[in-house]
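Down below are the structures I want you to see.
Next, two complexes with subunit A in common: one pairs it with subunit B, the other with subunit C.
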Partner chain A sequence: MRVLSLSDWRDLESYAKEVAGTPHDLLRAPETGLVMLRGRMGATGAAFNLGEATVTRCAVRLVDGTEGHAYVMGRNAAHARLAALCDALLQGKDSGTAVSEMVIAPLEAKLQAAHVETSTKAAATKVDFFTMVRGDD
Partner chain B sequence: MYVAVKGGEQAIDAAHRLLDEERRGDRSLPQVTLDQIAEQLTLAVDRVMNEGSLYDRELASLAIKQARGDMIEAIFLIRATRTTLARFGYAEPLDTQSMRVKRRISAAFKDIPGGQILGPTFDYTHRLLDFSLAADAEPAEAARAPSELRSDMPRVLELLGSEGLMEQPSAEAGEPEDLTQDPLNFPAGRDLRLQNLARGDEGFLLALAYSTQRGYGRTHPFAGEIRLGTVEVSFTPEELGFPIVIGEITITECEMINQFKGSTTVKPQFTRGYGLGFGQCERKVMSMALVDRSLRAGELGEERVAPAQDEEFVLSHSDNVQATGFVEHLKLPHYVDFQSELVLLRRMRAEIDIAKDRLEAAE
Partner chain C sequence: MTERGFLDVAMQSAHAFRAIMQAVARPGRVLELGSDLEAPDPLLSSAAAVALTLCDFQTPIWLAPELRNENVIHYLRFHAGAPVTDEPGKAQFLFAMAGETWPAPALLMQGTHEYPDRSATLVIQVAGFAPGDVVLSGPGILSSEPFGVAGLNTSFWAAMVENHARFPIGIDVIFAAPGLVAALPRATEIRLLESV
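Up next, the complex of A and B:
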């Protein structure tokens, strides 16, 4: 679920192309709403409400009755539906292995590559300041 | 008082059509796209998300386009949009400790574990206009270090906490109050104050923060740690009953270190102020942290003498949508109200004339 939500829609769409046609019913049609995000006072203290974010949710049922759920930040209904479908397929023995290999693994690799890029670019800006000693006068 | 008026539909339609045309500008130029706004006016988008109190880059970009770049109008549009959407629930508190850091600095310590990471900052630029941008020059690619940053950046304030020099926030307290569900009442808890400041006007908070530095409620601040990066958002859907990651957001966090508080039983410790905001918004979270600390005056036994320490003053005036609503409503028709003032003024003047005539007649 984590990888399916975090991934870029275009990536998900292209890697999940083959499973997108799997027959399923909508238990809950894609619906966009709000989730209130929270922070903590002083980073580790009691929680406070920070502000909301748009989230789209969807639930599907495969022909064999397996249910799949998705909550994805943003307003992309197709993303939530495909993520819910993948979630359902991931619970099946054979389909789970297939979706893990075909969809999840490459998406995870992409996310990881993006993280490495961000982190190494940030690391290049690491600075060592020299403290100038103040004069006595 | 504003009194409802009727009529004028045609003129209002024409005014809005004119607005649409003015928004479009020179039709021989391509329209600015939402992707372009989201990708190239990033910090404007961040501000609209913050003060609109809604994390959605696409909606914020649309609001900026529709508002012709007027930030408060764009924020107003976002606030109006959120009222049309159902609330699914509350996310788990963000874990900023696990942030994927893009920038992380401390102005209090030079050598911090994990290092000082400047990231994409305007700091140390010369503030000279770059005319290569006017010529649409493509920038060079960013430099890369051979290895990644450490993934668990320790918190600067915890380094002091371990020695007992820093006050520790208490994690207890029940469900935080929510401004969007109940109207603001005073005295307000720190949870409500932080929510209010997080969606408060950047300019207002900046001015208040500046006033504390200039002596109106001094707090002796140091920027203990500022971080910018992405954190994952977890949410527990009712039907699942366990938390799932639903996406990630960019946030900026500021922890201010302020001067001491002690008592006969507790040795003096540093106190702290906290700022957190959507996107890259360093000025906002620094201001928020300073004002948060000032508003803790009562709790810390300080005399409330300055505007930034007066929670009713700060929290009642920080919201720019409310503020603009009340200020700008003055331009709507107030004809009846004004007529009554006119009548009153005329009567007052006439009464003075009558009194004067009587006086003269008596003499």
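Up next, the complex of A and C:
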């Protein structure tokens, strides 16, 4: 689910082309709303409202009754729908393996590569601060 | 398996709301409530439309034993986000079937004289409507309106007469038949016909 939501819509669309044709019902048509993000200072302090994020959610049902759910940042209804469809297919034995290989694996590789690239770039700019120990007077 | 709710939530719930509002504004008049949704057995799709239109996370729902099953509870939680309660006295919406048992209207939330809106709404699933039980009059009715519901007995109507006597507090009733809806708000005067 993390891979499906975080991936770029164009990537998901191109890898999941064959999946998109699977017949399904919309249990809950894609709808966009706001969720309140909560945070804690230093991950330990009291919770506060950080801000709101736009989220689109969708729930689908396959012909055999399997349900798939998806929450995706932003307003892309097609993204939420396709992610929900992949979620439903992933629960099936054969379809799950197929979707894992065809969609999830390449998307995960792309996400990982992007993560490595940003970390490398960030790491290159790292500065080690140090202070010379001053002798006492 | 979860049943599908409204396909186009904004439009269809607005249409359903319009039908319910008209029904409450014109007590005893039977209106069409066409709804494009699936409802889990034994919930009627018209009763499901009422639930998905009027209920949300702030309105606890009570279900009669005949309607209470996992599918129905899951359906209401998933689509309406509404909590399902065991205590009829705490529910804002109650769903029951005609001819079966349900808690006496006097035991439900009646509202207070300061806040008469803090009261319960009873949604009764019925097979159909057949004028002949009672004659209604009062707000929203020009002179009088003959009304009757299949499968409801004298004790129900007697309880409704009592309910009207408590006005402005009391409960409101919505009748849901297949594809149809009618309402009996607490403000309506009820005259029982002899034949019942």
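The rule is simple: the second predicted complex is superposed on the first by the 125 of 137 C-alpha atoms of A that agree within 3 Å, B and C clash if a C-alpha of one lies under 4 Å from a C-alpha of the other, contacts with A are read in each partner's own complex, and residues count from 1 in each chain.
To be clear about the criterion, a residue touches a chain if its C-beta (ideal position, glycine included) is under 8 Å from a C-beta of that chain, and two chains touch if they have at least 3 such contacts.
All values derive from a computational prediction rather than experimental measurement.
Chemist: Clash or fit: subunit B and subunit C on subunit A?
Modeler: Once subunit A is superposed (C-alpha atoms), there is room for both subunit B and subunit C without a clash.
Chemist: With both structures superposed, pick whichever of subunit B and subunit C touches the larger number of subunit A residues.
Modeler: Result: the larger residue contact count on subunit A belongs to B.
Chemist: Have a look at where A:121 lands relative to subunit B and subunit C in the superposition and call it first, second, both or neither.
Modeler: Once the two structures are laid over each other on A, A:121 reaches subunit B alone.
Chemist: Figure out whether A:98 sits in contact with subunit B (first) or subunit C (second), or with both, or with neither.
Modeler: A:98 contacts neither subunit B nor subunit C.
Chemist: Going by the contact rule set out at the top, does A:25 touch subunit B (first), subunit C (second), both, or neither?
Modeler: A:25 contacts subunit C only, not subunit B.
Chemist: Output check: A:61 vs subunit B and subunit C. Expected answer is one of first, second, both, neither. What do you get?
Modeler: Only subunit C is touched by A:61; subunit B is not.
Chemist: Please provide the least distance in Å between a C-alpha atom of subunit B and a C-alpha atom of subunit C in the combined superposition.
Modeler: The answer for the closest subunit B-subunit C C-alpha pair is 6 Å.
Chemist: State which residues of subunit A lie in both footprints, the one left by subunit B and the one left by subunit C.
Modeler: In the superposed arrangement, which is not itself an observed complex, subunit A uses residues 31, 59 for both subunit B and subunit C.
Chemist: Once bound in the complex, which stretches of subunit C touch subunit A?
Modeler: Spelled out, the residues of subunit C in touch with subunit A are 1-2, 4-5, 7-9, 78-79.
Chemist: Which of the residues in subunit B end up touching subunit A in this complex?
Modeler: Touch residues, subunit B against subunit A: 49-50, 53-56, 58-59, 82, 85-94, 96-97, 100-103, 110, 115-119, 142-149, 155, 157, 169-173, 176-180, 190-192, 194-195, 198-199, 230, 232-233, 235, 237, 239-240, 244-249, 253, 255, 272, 274, 276, 278.
Chemist: Could you please specify the touching residues of subunit A with respect to subunit B in the complex?
Modeler: Interface residues on the subunit A side: 1-2, 5-6, 31-55, 57, 59, 69, 71-75, 115-129, 131.
Chemist: Using the touch definition up top, name the residues of subunit A that touch subunit C in the complex.
Modeler: 25-29, 31, 59, 61, 65, 67
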